[in-house]
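The following pair of complexes shares a single chain, chain A, combined with chain B in the former and chain C in the latter.
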Partner chain A sequence: MQAFIVNRILQSLIVVLVMTLLVFAGLFVIGDPVQMLVSPDATDIEKEAVRQSLGLDQSFVVQYLSFMRDALHGDLGNSFLTGAPAMDLILKRMPATFELVICAMILATGIGLPLGILAGLRPEARSSKTIMAGSILGFSLPNFWVALVLIMIFAVGLGWVPASGRGETVQIGPIAVSFLTLDGLHHLILPALTLSLTKMALIIRVARAATREVAGQEYIKFARAKGLRKNRIVGVHLLKNIMVPLITVIGLEFGRTAAFAVVTETIFSWPGMGKLLIDSILTLDRPVVVAYLLLMVVFLVFLNLVVDLAYLWLDPAAREKGRD
Partner chain B sequence: MTDATSSLPRRAAKKPSRLAMLTTRFAENRLAVFGLFLVVLAILAALFAPWIAPQNPFDLATLDIFDSMLPPGSTGSENGLHYLLGTDAQGRDVFSSILYGLRTSLIVAFSSVGFSMGIGLVAGLSAAYFGGALDAILMRIVDIQLSFPAILVALVLLAILGQGVDKVILALIIAQWPYFARTARSAALVERNREYILAVRCLNLSAPRIIARHLLPNCLPPLIVIALIDLASSIAIEATLSFLGVGVPVTKPSLGMLISNGFEFLMSGSYWISLFPGFALALVIMGINLAGDHLRDILNPRNS
Partner chain C sequence: MPPLSQTFGSLLRAGAVAAVSTLALATAPQAADLTIGLKSEPTSLDPQFHVLASNTQVSMAIFEPLVAQNTELGIEPDLATSWTFEGTVWTFNLDPAVTFSDGTPFTADDVVFSIDRVAKVPNSPSPFTLFTRQIASVEAVDAHTVKITTKEPYPLLVNDLAYLPILSKAAASGPAPEGRTTTELNRGEGLIGTGPYKFQSWERGASLVLARNDAFHGAAPEWDHVVYKPMVNPASRAAALLAGDIDVMEAPPTTDLKDMEANPKVSVVAGPPARVLYVGLDQFRDATPGVKGTAHNPFLDIRVREAMSLAIDRKAIVARVMGGAAQAAGDLVPATMFGADPGHAEAPAADIARAKALLAEAGYAKGFDLVLGAPSGRYVNDARIAQTLAAMWSRIGIRTTVEASTPSVFFKNYYDMSYSAYLASWGNNSGEVGTTLKALVLTRDPAKGIGTANNSGYANPEVDKLVLEGASTMDPEAREALLAQADKIVLDDYTLLPLHFEQPLWALRAGLTYAARADQYTLPQDVHSVK
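Now for the complex of A and B:
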């Protein structure tokens, strides 16, 4: 068991290390940032000076090593455009992204789980078939397209909610959040709903499959024979047993949703780190792109690790296997 | 049973062939047939775009700036063209743009799926057949890549490579081959220990020959389903990337690019520039998924 956990943590560290190398190697060959920074009529000497001040004249290995040394100290370089530390820029934007992602996951689980259980309990009912058809739509329609249609209907057509921005925020310590003001909620609902749709479709599918499997088990039949109320059977006995696959999926999808927020944030001009990534890619602001990717890699790998360990803790059968 | 040896005696007993059976079962689901119809329609529209489209949206000579931002159903002021779905800010016929955009979208999708399926097949089948270190290394790479969302991988690659149709295709291949590799491997792991493979191994045939002639055909059904699903997601990812401005170049717009172009006019009420390409995109993707979803049910041996 311990050996398994240590092994798993080591693996995660190796993945992070390999990814830093890949990300850095990839961005080493991206377009020349010096051209973006200096004025068009700068002389070669001026360009060379800028190059040297940014350390871009060094060899690849030297650049990578100094980058890694700084990265371990929490310094991921300064933005080429604003000169501010890239890490700070991203951390400042991070709460907005996480607020959006958490709201989306709550929506996806809150709506998807009951629908999935419903579809799993009565697989042949018309309502179940409608739910499953809806989940195919949620899966397959491109998310940005759904966002567009929602904007057209609710922002342009009906004028119920604004189409962009974050609205009024409330400061909690260093973090600004939108969901505590009415105006903020207004701004939050549409992007959060858009982001949640794909995940909702997935949760419906997983919940349905798990429900169908569990509903046929002996202990459910026994609970029914005991004369327990249906609500109790579903709410306690069934729910407990479909939780293992669901928590795995929700945990893993949390990371994917944070990455996918890039698209939603861009469409709704939500000032999160995803929008920052797109802006930085378009302006060739290399340090910000690298910083975003590294944070994302660490976050996703960490999340994978946590989900694996949670799975071990939740599922006794997997725990047995992990012991070998 | 899916393997070739067991279907031989069946054929001798004059049962309908497997393909015919599949076709009949596929046709039972009207929604799936409708999906297939949409896909075929889209492919034909893309193939014959120059003949169907009333206007060549890339030929600046045919554009009339006085006809810009016309709502659907308008008629051109000078050329007398009928703009079925309206025009965009450059006076381009939206319907023609969709047909040409469909071309770009489908070219990107089909070539990226073709290549990633090829790479995934070679990697997955050899990993399963040879096992050992090759298997361990290949599957580790697949695992690492699958822990990152495909859209993020593609986005990063395009940040490195820059814009361009070929670059989008390359980014999609790199982002999606692991899905094929994993599916091919798990299918091949089952087949590898079947008797017919052991039999051809006894014939001392070369490994590439066994893999290509005997292992591959029997691992194909699950891969065809993955290919279909992947086709839809390739179209969606490409559209998303182009919408974000890092995909195809302005000179060769795909459906995603067209939607992006119209996005700025959406707020002012000129909905048609974005909305109609959007519908075309959604219909194609939905069609592929409807057909793919049903095909998966048919090909799943547990259901037959």
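Now for the complex of A and C:
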């Protein structure tokens, strides 16, 4: 078990190292941040001064090595564009993204899981067919389109919720959250719903497939023969056994959604970190891009680890294997 | 997949009916607050950190310069009520009635401090020394008189000063060489100005809030609070305006203009144009990389350049690509600007037959293949303009393909001079043609800051002489004559092909007016409710 975790951490260190090198080299090749930043009226001397102050006058190798040296000391550098520490910029925006993603995943699981089980238990029923057709829509409609339609209907047309932005926040320790205020919830509902739709569709399909498989198993038949109540069969015996594939999907989707919620964030002007990433890529703000991706690799590796540990906990067979 | 804005346009039409019927339900913000949907957020609140329009427009609500530019880029008194100059020495008389928002009086020491601070701000991505490089010294003669000496005679000093906000020396001093650091100013510490609004709070990415400055020396500011919200996506900004979340939106998409003009809930205002879109053609080497089918660089022949200009139907681009929100251009600056050659005030009409004849005369009857470089997403409809140009040139036998790149890639190629033909743009912030010519067509001498964006490699000693002489001629009439002469030579040479002037656009909720500006700044002090 410990060996497993240590192994994982070592693997992720290599991933992080390769990733920083790739991003660094990639942005180095794309363009010259100085040309993007300075006014086109600037003289060469003025441009050179900017280049020096940002450390861009050094060779690629020197720049990379000094970045690695600072990174090992916990300093990921300052944003070219704002002069603020890159990590601060990201961490300040992280709560907004996580709030959005967690709400979206709760919506997706809370609605998707029961619907998926329902569709799996009675695959031929009309309601099940409707659910499955709906899930196809959830998959195939592009996110930005759904977002705009929702805005047009609920914000512009009906005026029930605001069209964009994040609502009033309350501080919990160092973190500002908006889901605890009425205004915050108002702002949160549309972007969370938009973000949840594809995940919901995915969860419905996985839950349905797993349910159909498990429902035919001997132990379910046995439980039914024993005269157990239907609620108990579904809620305990079935649910527990369809959880393994679902945890995988939910865990991985959570990571992906958090790292790349950018489309939804942009359309709803949600002050999250996805928007920051896109802006930074466009302006070649390398310190922010590198810090962001670094954080995301660490986060995704951690999430994978949690998913793996959840398997061990849920699945006795895997637990046996883990002990070997 | 159609562009987002088009999709949105059809959605707007669908939503408009529902929108009007439920107008009363829309959550209207408090009447005395103004909420502005920004197309991009300021990178810093330090007014001397980053020369960038999104920063300048915010600092102009909190701070004021000695002299200000009006909506048409003309110079007006601001903190300085009058000024005189003799050779390189300028004397500014300051308004003695002005106080900062914290109540302390504004004096000449604040001016000296502020101009002095510019060069000391570290890590600036685009330093304000751009506007102080001609200044040799700044002295406080007495509490309300400032003497500024320039390195050489420099008539545009006042235009530069319009970009230098005056900070409070008392509030912005500190232990660091620059006094209050950029980080401190970003938190609002020491961010004290004389402008109509003062800092209240800033949460990056979410909102920037200013409050009315009750100590303001001019007419009382109309809004209790001004809230800036960054909304990068134009469709979201439009939706937020229609939903009543914001009062003012920057840069409504040109594809939605018709819908917005028809909607009684909103109005669209257009400012005077100052930014030109133009085509640059390689004029400095014999073998040019983006042309195939000829042995030599065809753009070295003036007839080819003229033919390419004649092939462009500028009015069609304005009407169909720009949605009418532009003016066809015959010059690199609008005809109303100082020094513009009156002979090129009108945009040339397209003439395909003459263009073909000129090409044949130049020995290119069979045409050639051309790659046109263009940015995608930097200027309004840039990639679509490039596509349209390609179609228009193909009609006269110049078979053009477009290479549209993300701005970071485009600008690398542009400054490396690796395009044979490119679509680019220049915004004129001085109100006179000299600065545009100095950057775009004067013989490249980047060390001196001359020809810094002359990426077509044009070199004409006569133009150089006229423009540089004009730049240090203090007499306005003599200067205007020199500049107009240079402008005429440049345009007669088809050095660059001007296409159109972008018109800065804003959309407002019904009941508001905005004094739309050529420099595209959104200034809350110029937004008023209709009485």
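The working rule: the second predicted complex is superposed on the first by the 305 of 324 C-alpha atoms of A that agree within 3 Å, B and C clash if a C-alpha of one lies under 4 Å from a C-alpha of the other, contacts with A are read in each partner's own complex, and residues count from 1 in each chain.
Quick note on the criterion: a residue touches a chain if its C-beta (ideal position, glycine included) is under 8 Å from a C-beta of that chain, and two chains touch if they have at least 3 such contacts.
These numbers were taken from a predicted model, which means no experiment stands behind them.
When the two complexes are overlaid on chain A, chain B and chain C occupy overlapping space and clash.
Once chain A of one complex is fitted onto chain A of the other, the partner contacts of A:Thr266 extend to both chain B and chain C. In the superposition on chain A, A:Leu282 contacts both chain B and chain C. With both structures placed on the common chain, the touch criterion links A:Asn241 to neither chain B nor chain C.
Within the superposed three-chain model, A:Val15 lies in touch with chain B and out of touch with chain C [touch as defined at top]. In the superposition on chain A, contact of A:Phe80 is made with chain C only, not with chain B. Judged by the touch definition given at the top, the superposed model places A:Trp145 against both chain B and chain C.
The wider contact with chain A, measured as residues touched, comes from C rather than the other of chain B and chain C.
In the superposition on chain A, contact of A:Gln58 is made with neither chain B nor chain C. Contact with chain B, but none with chain C, is seen for A:Leu300 once the two complexes are overlaid on the shared chain.
In the superposed model, A:Val156 makes contact with both chain B and chain C. When both complexes are aligned on chain A by C-alpha atoms, chain A residues 30-31, 142, 144-145, 148-149, 151-152, 156, 163, 266, 282 touch chain B in the first and chain C in the second.
Of all the residues in chain B, the ones that touch chain A in their complex are 144, 147-149, 151-152, 155-160, 162, 232, 236, 239-240, 243-246, 256, 259, 263, 266-267, 269, 271, 274-275, 278, 281-282, 285-286, 288-290, 293. Taken together, the chain A residues at the contact with chain C in this complex read 30-32, 35-47, 49-50, 53-54, 78, 80-84, 89, 92-93, 96, 142, 144-145, 148-149, 151-153, 155-160, 162-166, 266-269, 271-272, 275-276, 279, 282-284. Interface residues of chain C facing chain A in the complex, by the touch rule stated above, are 1, 4, 7-8, 11-12, 14-15, 18-19, 22, 25-27, 43-44, 49-51, 122-127, 129-130, 133, 182-183, 186, 203-207, 229-233, 235-236, 239-240, 242-245, 377, 406-409, 411-412, 415, 426, 435, 439, 446-449, 452-453.
Listing the residues of chain A that touch chain B in their complex gives 15, 18-19, 23, 26-27, 29-31, 136-137, 139-145, 148-149, 151-152, 156, 163, 256, 259-260, 262-263, 266, 277-278, 281-282, 289, 293, 296-297, 300-301, 304.
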